[in-house]
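After this come two complexes, each holding chain A, first together with chain B and then together with chain C.
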Partner chain A sequence: MKVTFPHMGHMWICLAAMLEYLGVEVVVPPPTSKRTLTLGARHAPEFACLPLKLNLGNFMEASELGADTILMAGGCGPCRFGYYAQVEYAILEDLGYKYRLVVMEPPQRHVGELLSKIKYITGHSSWWEVVRGIRFGYQKARMVDELERRAHYLRPREIHRGSTDKAFKRALREIIAVKHPRDLPQAGERVRRIMAGVAIRPRPVLRVGIVGEIFTLLEPFANYDLERRLGYLGVQADRSIYLSEWINDHLFLGLVRGLRSRKEACRAAPPYLNHFVGGHGQETVGSTVMYARQGYDGVIQLLPFTCMPEIVAHSVLPGLSTGLGIPTLTITVDEQSGEAGLMTRLEAFIDLLARKKGVV
Partner chain B sequence: MTLKVGIPRALLYYYYLPLWRTFFEALGLEVVISRPTTKTILEAGLQNSGDDVCLPVRLAFGHVLDLKDRVDVLFLPRLVSIARREYICPKFLGFPDMVRHGISGLPPLIDPNFNLYRKDSPYPFFVALGRNFTGNRLAIYLAYRRAMHAQARYVQLLEKGLFPEQALAVLYRGVAEGQEPGGGGPAVAVIGHPYNIYDPYISMNLLSRLARSGVRVRSADNLPETLVREQAARLPKHLFWSLGQRMIGAAWHYLQSPDVDGIIHVASFACGPDSLTGELISREVRRRGKPFLNLTLDEHSAEAGVVTRLEAFLDMMERRQFLPAGESV
Partner chain C sequence: MKGYLGIDVGSVSTNLVFMDENGEIREAIYLRTRGQPIFVLQEGLRQLAERLPGNIVISGVGTTGSGRYLAGIIAGADVVKNEITSHAVAASTLVPGVQTILEIGGQDSKIIILRNGVVTDFAMNTVCAAGTGSFLDQQAARLNIPIEEFGKLALKSTVPVRIAGRCAVFAESDMIHKQQMGYSLPDILAGLCEALVRNYLNNVGKGKEILPPVVFQGGVAANAGMRRAFEQALGLEVHVPPHYNVMGAVGAALLAREKMAGGGTSRFRGFGVAKTRFKAGGFECEGCPNLCEVVEITREGEVIARWGDRCGRWSNSLGYKENAV
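Presenting the complex of A and B:
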């Protein structure tokens, strides 16, 4: 059995760590690229949201590398993600791919169901081993998140353009290379040292929060590397959801304490959005409110074309933006959106924020 | 003076009008329904909603605007769930908020949550709703009973083959039920969201156009709920969209049914749920090989284009010797 899964930013690092620790053979799909998108978009329904198209492309490319089993997350609506796996599978089947599909439905009652699915994949690992494997993957997610936060801080302040990214890549390789939980602390040390080597100078920076649909937030291919671009424009970005927070909220039911959780964001959404709307729509609105309260200079919302929860959120953002005095920019992505247009809008937005703050 | 409650002729108006209307009228309120869709109504909706929003919701904005200055309160229930473990669409979940933040100068909105995700009885919803107008629990209960009764009668009429406006005419204007148009014409099942296929302006008179060319038209709502659900249960996983359940269940039923000769699937441009349910339907159609037409509607759809495609579709059915020669659309 060779297990693959769709890409979502750096998620593959923790999934591969977990599965390989448990002795599962893993085929990580090639990094999401234009080719992935072309393949996926050719066979996916026209109005399917971008993540579905990219998932599909990932599976097709992973199959070229010998993958035969798909591991997917599930869901119970109301947004489309909960039915992704079934539709993707139907498409692959009609195309003649021979895949086995394992869907991890969100644990309705407790994490036990999640564990038993993982146990099924891993064959005969003991419960204890499974728990250790999950923790291992989760710890890697935490480390990657830490690293990203650090990069967000450094990029707008670096003295040599690109030095943060270079360090980031090296540090990421350190995290990826760890094969056993006991080696994580030393790797963490090395990561900190690498990042400490980036030379910076103090300067006024803009702070911008990024909110929106989770996949587009986490996948640089889908968001045109937004965080890096912002960094180069002199902006310290923050993202409303990091990978480990998503894992904690969705797979561990918030068992890990002390992390930002979606509940907090949802509580901040009324009176702009008084009800959950699926996906991260209510979080998008709530996080925007929270960024405004924390004095951020602006908020960028990311969403795939046709994404229902984010379209609802987008509809109430103008009122929120005026009400709380925080400028917002909404970026919709699909297979047709062009990079040039995006950069123009982004620069204009950042310009506006800079002028407002007086740091031109 | 009786209080005027406004109900937009949009979204699930086509499913639930008898339920709402009978309830309000039994409580002594006057119900005002927005006027049938016109270009003016649609354009007002387009102007007041974001252009990433789907046509049906933008149209619903137009109907809200049509009512805005004519009613004392607006009834926009938040339709969270109309069946166990199912939703309708994220946009229904957010609709009252979208309206509230999108249109200024609105009369008070009455937007209680209608949520059957974990329960079976809508009674608590009606209690909460009724409390806005009266403290009399008994009156609310009686109005609720009448409303449920009217709704059941409405569903019966639909299952007999009537379409919503016809069934509403029977219920509220005393029009006779009428005979089902018989005849030996071909039968076509029109599968789509009620707010697309039953709004003549939006669907460009699809249903009457078909009827005029001698086609017997069926829709998902002419089938009993149980039958539709049985079909949809063949899916690999419970589908959590109620409208999708209905469309898939009906499409699969009509695909197998020997006296339905073709299927027309109607979807809104960029509709989220439909991108997946429509995909599942068209994959099944390809396996079964019945004549199939996929119509996507948006604010720019041109009537001429739709008519041409419809003609081509009927021609194809005719070539399969279903349609008496010489009929035009």
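Presenting the complex of A and C:
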């Protein structure tokens, strides 16, 4: 059995660590690229959102490397994602791919089923081992998130353009290379040293929060490297969702204390949005409120074209923006997106924030 | 005489203005880009040099428009700004107190909301270009009327015909339909203006609070029919400022002045660049499956700029500085 899974930013690092620790053979799809998109968009329904198209492309490319089993998350609506595993699988079958599909449904609904799926993938490992594997993967997710936060801080302040990105790549390799939980602390130390080597100078920076649909937030290919572009424009970005937070919320049901949680975001959403609307719609609204309260200069909402929950949130944002005095910009991405148009809007938005704050 | 140069390289037109130190626009040049931004920019610089007195000193250069980076490299810009900021700066300087800017150019349309002289919100057309200058241009050509006459004819209308304006293609079909039914040309043109304004307000202006004074700029502002349609739809007076068709360039010149106020010498390469050999080439990077199409600008055979790569492998290698906040 050679297991693959779709890309979502650096999630593969955490998943591969966990599975390989448990002795499962893993095929990481090649990094999402234009080729992935071309393959996916060719065979996906036109009005499906970008994540489906990229997932599909990932599976097709992973198959070329010998993958035979798909590990995919499920869900129970109203976001269409819950159905994507099945749709993607049906498309792959029609195209003649020979895959086995294992869908992990959220534990809130079918704990027994989830456990049996894990057992199916991990085979002979004991439950104790499985727990250790998951913990190992989670720890890597924490480290990667920490590293991303550091890069967000450094990028707008770096003296040499590109030095943060170089250091980031090196540091990421350190985390990827760790094969056993006992080696994590030393790797963490090396990561800290690498990032400390980035030369910075103090300067006024703008702070912008990024909210929206999780896949578009986490996958730099889908969001046109938004965080890096913001950094280069002199902005310290923060993301409303990091992978480790999502794992803690959705898989550990909030077991790890002291992490930012979706619950706070949802509590902050009323009176602007009082109900769950699927996906991360309510979190988007709530996180925007929280960013406003924390004195951020602006908020950018990211969504894939046709994303219903985010469209609901989008329609709520203008009132919130006026009410709390925080400018917002919505960026919709799909395979037709043009980079030039995106950059113009982004630059104009940052100018708006800079002039408002008087740091031109 | 000292002054500032503003350059706006758009999809349809390339505009240059020379602004003296007091903010007075001394020269303005409007040229069609015709898909050759480098050549037309050089031509514009040549014409500008001819019109200006010999003792001219350029203290700063600003570029804007979709070709802003290219223009910035060719001319040697001190500031490279997106067209939204440039238009906002120009309008708020020329029309003090402006709260709403309607801008319709060749390929895109924007709305900019200002409060107390600061941009608070903006939007650009996204999925559909119906209602932009190119479409009006095309329709004028199809009906065999000079684009300059379009507005005047539309004003003669007494009963504008309702045209489906949601999509440029359907708008054209509907116009042809109305034409075959025998409606008069002025009524069809006025109907088209109304349809485009409706489309603009629904798509670009949706959810925005449009307060007076309202300024209408960009090439399409020359069309009196569009202006009247906006006034009727909004119930507000709509101002078309002087230099409405080169406002982006005016904004770029103003931004250059702002940037150079702190001192320093301009990076302007001189009017001689009109004679320099620039070449835009490109190649497909094979470093990863993204296969980015990297653009390379050379001056007299030497690479002076690169862009188009997602990862920064090529653009960062030249140490090219983008504008930072």
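Everything that follows uses one rule, which is that the second predicted complex is superposed on the first by the 352 of 360 C-alpha atoms of A that agree within 3 Å, B and C clash if a C-alpha of one lies under 4 Å from a C-alpha of the other, contacts with A are read in each partner's own complex, and residues count from 1 in each chain.
In this text, contacts are C-beta pairs under 8 Å (C-beta built on N, C-alpha and C of every residue); 3 or more make two chains touch, one makes a residue touch a chain.
Quick caveat: nothing in here was measured; it's all calculated off a predicted structure.
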In the overlaid three-chain picture, which partner chain does A:G231 touch, first (chain B) or second (chain C), both, or neither? neither
For A:G133, select first, second, both or neither according to whether it touches chain B, chain C, the two together, or no partner. neither
Does the superposition put A:T332 against chain B (first), chain C (second), both, or neither? both
Please work out whether A:T306 is in contact with chain B alone, chain C alone, both, or neither, and reply first, second, both or neither. first
Look at A:F47 in the shared chain and tell me whether it touches chain B only, chain C only, both, or neither; answer first, second, both or neither. first
Does the superposition put A:G281 against chain B (first), chain C (second), both, or neither? first
Let me test your reading of the model: by the given contact rule, A:P318 touches which partner, first (chain B), second (chain C), both or neither? both
Hey, what residues of chain A end up touching chain B and chain C alike? 318, 332
Complex contacts: residues of chain A adjacent to chain B: 45-49, 74, 76-80, 82-83, 86-87, 89-91, 94, 103, 272-279, 281, 305-309, 311-316, 318-320, 332
Chain A partner, complex, touching residues on chain C are 66, 81-85, 108, 118-122, 124, 126, 207, 258, 288-291, 310, 312, 316, 319, 321-325
Chain C partner contacts - residues on chain A that touch it in the complex: 30-31, 33-36, 161-162, 165, 205-206, 225, 232-235, 318, 321, 327, 332, 340-341, 343-345, 347-352, 354-356, 359-360
Applying the document's contact rule, which stretches of chain B touch chain A when the two form their complex? 49-50, 52-54, 78, 80, 85-91, 93-94, 96-98, 101-102, 113, 235-237, 239-241, 269-276, 278-280, 283
